[in-house]
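Naming follows writing order (A, B and C), and every chain is counted from residue 1.
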Amino acid sequence: MGRYLLKRLGISVLVVFLVSVISFTLVHMLPGDPAVLALGSEASEQDVEAFRKEYHLDRPVAEQYVIWIREILHGDLGDSITYSRPVTACLAERLPRTISIGLPALILSSMFGIFCGIVSAVKRGKFVDNLITFVSTIGLGAPQFWLGILGVYIFGMKLKLLPLSGYVAPSENFGQYVYYGVMPILILSFGLLASVSRQTRSNMLEVINQDYIRTARANGLVEKSVVYKHALKNALIPVITTIGLQVRVVVGGSLMVEQVFNIAGIGTLIVSAINGRDYMVVQGCVFVISVFIVLVNFVIDLLYGFVDPRVRKSWR
Amino acid sequence: MEEKILLDVKNLRTSFFTDAGEVKSVNDVSFYVKEKEIVAVVGESGSGKSVTQLSVLQLIQSPPGKILGGEVWFEGENLLTYSKKQMCGIRGNGISMIFQEPMTSLNPVYTIGNQLTEVLRAHHKNMTKQEAWKRGVEALAAVGIPDPEARMKNYPFEMSGGMRQRAMIAISVACNSRLIVADEPTTALDVTTQAQVMELLLSLVEKNGTSIIVVTHNLGLVTRYADRIYVMYAGRIVESGTTEMLLTNPRHPYTLGLLASVPKLDSDKEEKLIPIEGTPPNLAQMPEYCSFYPRCPYACEECRQKEAPVLRPVGEEGHFMACHRDVKGGKTDG
Amino acid sequence: MSDRNVTKANGVKRFFRIFFSRGWVTKICFGIIVLFVLIAVFAPVLTPWTPYEQNLRNILAGPGKEHLLGCDNIGRDTLTRLLYGARISLVTGLLSSIWAAVVGTTIGLIAGYVGGWVNSAIMRITDAMIAIPPIIFTMVLSTMVTGNLLGISIVIGVSIIPSYIRMVNGLVMSLRENDYVTAADLIGQKQLVIMFRHLLPNCLASLIVTFTMNVGTAIMLESTLSYLGVGIIPPTPAWGVMVSEGYKYLFNQPLVAILPGICIMLVVIAFNIVGDALRDALDPRLRGKL
């Protein structure tokens, strides 16, 4: 087991390194001079020089990368140009908001998605199956920003049930958090729910045709045990991967949802940082998010071993 | 000495409704199995021999499959009138089925012990986990698995094909079924393991008084073990009788063909193997006349004009066949 | 010879039978794609207005005889802008998928065939690219091309290249184990010949399916970028731009924001479902893999 984990860990570290290179390169391809953008076009030559020196913009690109990485290893993501404070501080302030929307969405959609997938597979061809398939088709095809706007229009403007936008932290007032958060969370869950339920459904249908399911039936096990014990575990193992992959989608989706509902989270931070050419913030956010996703996938790999004895054996 | 009849299937009909039309996989099939008897059902793939057995246990996927009619009498009850729940009590407990794919027929994510005790406890509601575990170890030992205590904790992928087949048999017969249906039990195994598995099944007959139906395309295999043989072709039984009758005095052209295509190990003579010409018929487009007509070396114009032949007694008592003509050992008669 | 023609004809027949076997859903979705392509081509003929024509008397007008679906905040005809929007969506969707398919397939083929460290290196870079959410990835890149249709297509293409690399690479790796590739190797055929003569045709079914699905993904990405203000920029009538502009006047005239979203949804769903049907018709074994 040790060797396998070590290998996976090595690959993850390698991917994190590549991610850092990519996010650095990506950000340095941004057009426009950050010094001019930050100080305004009327800034004096000296001010611009000083600014460039402060943010190491006068150094060669390769050196800038080394400086950046060195600082990351010390837990420092550099300073934001527009906010004039450490990027880590910006993240620390905004990350909890994004998590308080994203995590419930991820949990909700995974659980509900698996449930819908099972129901859909068991009631194959019946009305419930068609309904779930229809809803998940929409979930995969509708743009999230538009769903958000539609929600605002229907539940906010017409029915006046929910607020149009805004955010309250759960630690501040949980009731208000739910009141403001329910729509963003539901809309963020929708797409993920659709893909999880689709994946669960097709896996279940495939597993149901396997020989060992026929054996289980032939041995006189009741349908409940056949479906919920023998089929489900085999069907859910690949779904774990789907959920892992979808973390990426949730992160991307929260960017849109935050934009629509005016939540000051990581998503809005990135959008404004890109528009403001805030190198350090963009770089830092992209890096942190990607590392998080790599980490999630690493954990997924571990999880695989716990549920699938075949994988566990290959660890030894 | 009249033995009791354990399973009596009458006029069973099962069809699959596909895009290409109705496929009559089991077309008016009747057969019976006596106590402590080994019966073989022989035919090509697609002849409906497996579907017949799956229909007996009502394991047909529906849709597209459907049991259209007939009676399945087992220990005095017609199983076709049973509810789903009642059928669960029969499967694995009264009638067990062993499948041909030992590699894929066990659930890969549960241990042998887990799957074995689950079946035991499904049929013995009052059995504790400890008792089930003990019975499971005994069942594994009974099928000749060495170190059964340790094997209980193994996953299927940790065992060889022969071991898995044994484990699967152990699970199926753990509840001492009266009848075991073995669907191509040895096809996926190498020759030595094949013999061992057959011997194992034979020992069950002697020890527990179990009856066995062996479904196979391998006529050579069954001639050594079976008491009686049913030959199936295109969803119908075309000839039936004791093994000796069919071997020494085959009457249906298809049986003749089957015998001619099997190498005889115990014969010294150099015999030429003769394959049966043509391919199995398309079951979705069955003719009104005899379904073997297109491939039959003895076919004549009469065969094409008359309706499909039905089973009729020939020769000795208990020998039946379905052919308009009477072919004796390759010579036409009448 | 004639035998082969017969099987070929049967194959085509079988393809269409399975392709449409899902009943009316696939037919409708196929129809939606055809409809939007026609709309994109004939947009100027279908409407008397241009997408930029302002009419201040009709600001946020509701549906009426003259303007069937009303007007936006500066009096431009909503229907006209929707029709022209189809051009932008379809062009970016197709352009980006084609260019991603060409680049991704080539890289995937090379990586899969050469194997060894080249393969590992390419796959790790792909992993790293996949770890960055596509929206963020394209957002950063799209700032370089400011609203240019071709530029946006290239940017979106870059973000979907990894999906082709992974798919092709996986297929090639498994095909390499097949006997006929080994056989070709033994005969001493040149590697390039092996790659294109044997491996590419085997990837074709998966490629067509992935391509179809990716057109939907690309259209979705483009509209998202446009909505966020870093894709196609106003006044060009991209659907995402329309949603973003209409959001401000949602209370007064919801049609401006809501209708373009419906168009995006219809097109994306249509491409997804046609992709599904294609997969079933071309190669049912791919079910659950793509």
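General remarks:
The rule we apply is simple: a residue touches a chain if its C-beta (ideal position, glycine included) is under 8 Å from a C-beta of that chain, and two chains touch if they have at least 3 such contacts.
This structure is a prediction, so every number in the text was calculated from the model and none was measured.
Contacts with chain A and chain C are shared by no chain at all. Set against the C-alpha centre of chain C, every other chain centre is closer than that of B. Across the assembly, the chain pair joined by the most C-beta contact pairs is A-C. Distance between chain A and chain C, defined via averaged C-alpha coordinates, is recorded as 22 Å. Computed from the mean C-alpha positions, the centre of chain B lies at a distance of 52 Å from the centre of chain C. Touching chain B in their complex are the following residues of chain A: 210-212, 214-223, 225, 229-230, 233-234, 237, 307-310, 313.
By the touch rule above, chain B contacts chain A in their complex via residues 57, 59, 84-85, 88-93, 96-97, 99, 101, 104-111, 115, 118-119, 122-123, 155, 157-158, 168, 171-172, 175. Against chain A, in their complex, chain C makes its touches with residues 124-125, 127-137, 139-141, 143-144, 146, 216, 220, 223-224, 227-230, 240, 243, 247, 250-251, 254, 257-258, 260-261, 264-266, 268-269, 272-273, 287-288.
By the touch rule above, chain A contacts chain C in their complex via residues 11, 14-15, 18-19, 21-23, 26-27, 29-31, 137-138, 140-147, 149-150, 152-153, 157, 202-203, 206, 248-249, 251-252, 255-256, 259-260, 270-271, 274-275, 282, 285-286, 289-290, 293-294, 297.
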